[in-house]
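Each chain gets a letter, A, B, C, D and E, in the order it is written, and its residues are counted from 1.
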C-alpha cells in the first residue's frame, strides 16, 4: 500500500452507475519524509477520510475488497487514516501533531 | 484511478471478438495542474466519453467491472467524465469552463 | 492498453505446459508519435499478428480473457491489429500507408 | 516479488474493519547490493517480521493469498524472512551476519 | 512477460507455509540487446530454471496459473527457458551459443 495525503476532491455526475454514492478523492503520494512524490491517484473513500489527512491507499483488485464493493470499477481505495508512523525507532509522523519530523 | 484527457480514437477491425462493439479511445494522462504527463493509455469507453473531455480511467481487473464486461480483455476503461476538481480548497478544473486553473 | 509494434519472436521449448501451441511475440511499445519508448514486452498472440504490425497489448489478468485461456500463465496478450489512429482530429497512423504522421 | 528491509511501523485506528488485528510495516525496497532504492511500500506482516529484517514482499492480488486473508484489502504482504542471497555464485547477504557483501 | 537472466537464489526458512518446496530465484531483467536493465525480481521457478539461463517471467495473478499453484502467494514466476530470440529478422540470442548479438 502507499502513503498519501488527501489533497482534493473530484465531482463527476456522468459516471459508471456502480460508482453512485461513493466519494472520489485525490491523494498525493508521499515519501517517507512526508514530502509529495509528485504522483497522485484518484481513490475511493471507504472510511470517511477528508482533505488534509494522511492515509493508506490500496491499489488493484484489492481496492474492491471492502464490504459490498465487489463489482465497483475502482483500482484505488483509501483504507486507513494514519495515527502515527515510526521509522528506525523514531516517530516520523503523528496525527495529533499534524506534522512530519524529518528523518 | 488516473486523471486524463481523451485525445484520440483507435480503429481496429482485426481484434479479439469480445471487443466487438466497444469504442477504443486514447487518453493522455494529466498532472494535477491539467498538463499532459507524456504518458497515454488506450481505454475502453463505458460511458459515452468523447475527444476533449477530462475523464477518470480505471486500470487492471477493475476495468472489467462494468455491466456485462466480465470476459472482455481490457485493462483500462473510462468510468467517469469529470465535472470539477478541487485541490487544497481551490477549484482547479471546471467542465463548464473547459479549462484548468494553475495551482 | 498499450500501443506497440511487433518487432520479434521468442522460441522456448522448455516452458509451462499450458503455453503449448501459443506464439510468443516481442512488442516494442510506442509513443503517440509512433516512436519506440524503449520498453518492450513479451506478449501472447491471440489474433494472428506478425512482425511489423502495430497492435494493442493488454496486460495483467485481462491478458487471460481470450476464449479458452483462463488458466494460461500470461500477463500480456495482443488483442487487436490497428487500422488507424486519430489524435486531436488528425490521422496519425494508417495501416494501409504503413506509416505514422508526426503530430 | 521484491527484496526489502523492514524499516518502520504504521499505526492506524480508523481503518477498514477487515484490517483489524494485522500489523502494517514499512518496507524499504533494496537493490541487489542491499542498498535502498528510495522506494517504499506499506505491507501487511503475515509471518512475524520485525524492523531490521530483510524480507520478501509480494504485491497485488497475491498479497491476499495467505490463509484466511481472501477478503482483506491489501496489495502488499511480507511472505518470507530471508536467510541468505547468493548472486553469481557469491553470497551477497547472510542473516546471521546481518550484512550485505558488495557484488 | 519480461525477458530476464537468472542471476541468483534466495533462501528463506521462515516463510508463508504455501511457499514450502518452491525454489525462489533472482531474475535480472534484460533489454532487447541482452543487457541488464538494472531492475530485478524474485521469481518462483516452475520449470527447473537455473542460474545463467535466459528466461521469461510472468507477473501478477498470472504467476499463480501453473498447476496446483492457485493459492500460492507469488507475483512472479519463471514460465519458460528461452531457446532463441529474433528481432527484426535477425537472431539476437541463441541458447546454444550462450550469447546475445547486438542489434
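FYI, contacts are C-beta pairs under 8 Å (C-beta built on N, C-alpha and C of every residue); 3 or more make two chains touch, one makes a residue touch a chain.
Quick caveat, the model's predicted, so the values are computed rather than measured.
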| item | value |
| --- | --- |
| Count of contact steps on the shortest path from subunit C to subunit D | 2 |
| Intersection of the contact lists for subunit B and subunit D | A |
| Cα superposition angle of subunit A on its copy subunit D, in degrees to the nearest 5 | 70 |
| Centroid distance [mean C-alpha coordinates] between subunit E and subunit A, Å | 33 |
| Rounded Å distance between subunit D and subunit E, as computed from the means of their C-alpha atoms | 21 |
| Residues of subunit A engaged with two or more neighbouring chains | 60-61, 63 |
| Touch-based graph of the chains, sorted into line, ring, star, complete or other | ring |
| Chains listed in ring sequence, where subunit D comes first and subunit E follows it | D, E, C, B, A |
| In the complex with subunit D, residue positions of subunit E that touch it | 7-19, 24, 26, 28, 40-43, 51, 60-61, 63-64, 71-76 |
| Interfacial residue positions of subunit D with respect to subunit E in the complex | 1-3, 31-32, 46-48, 56, 58-63, 65-67, 77, 79-89, 92 |
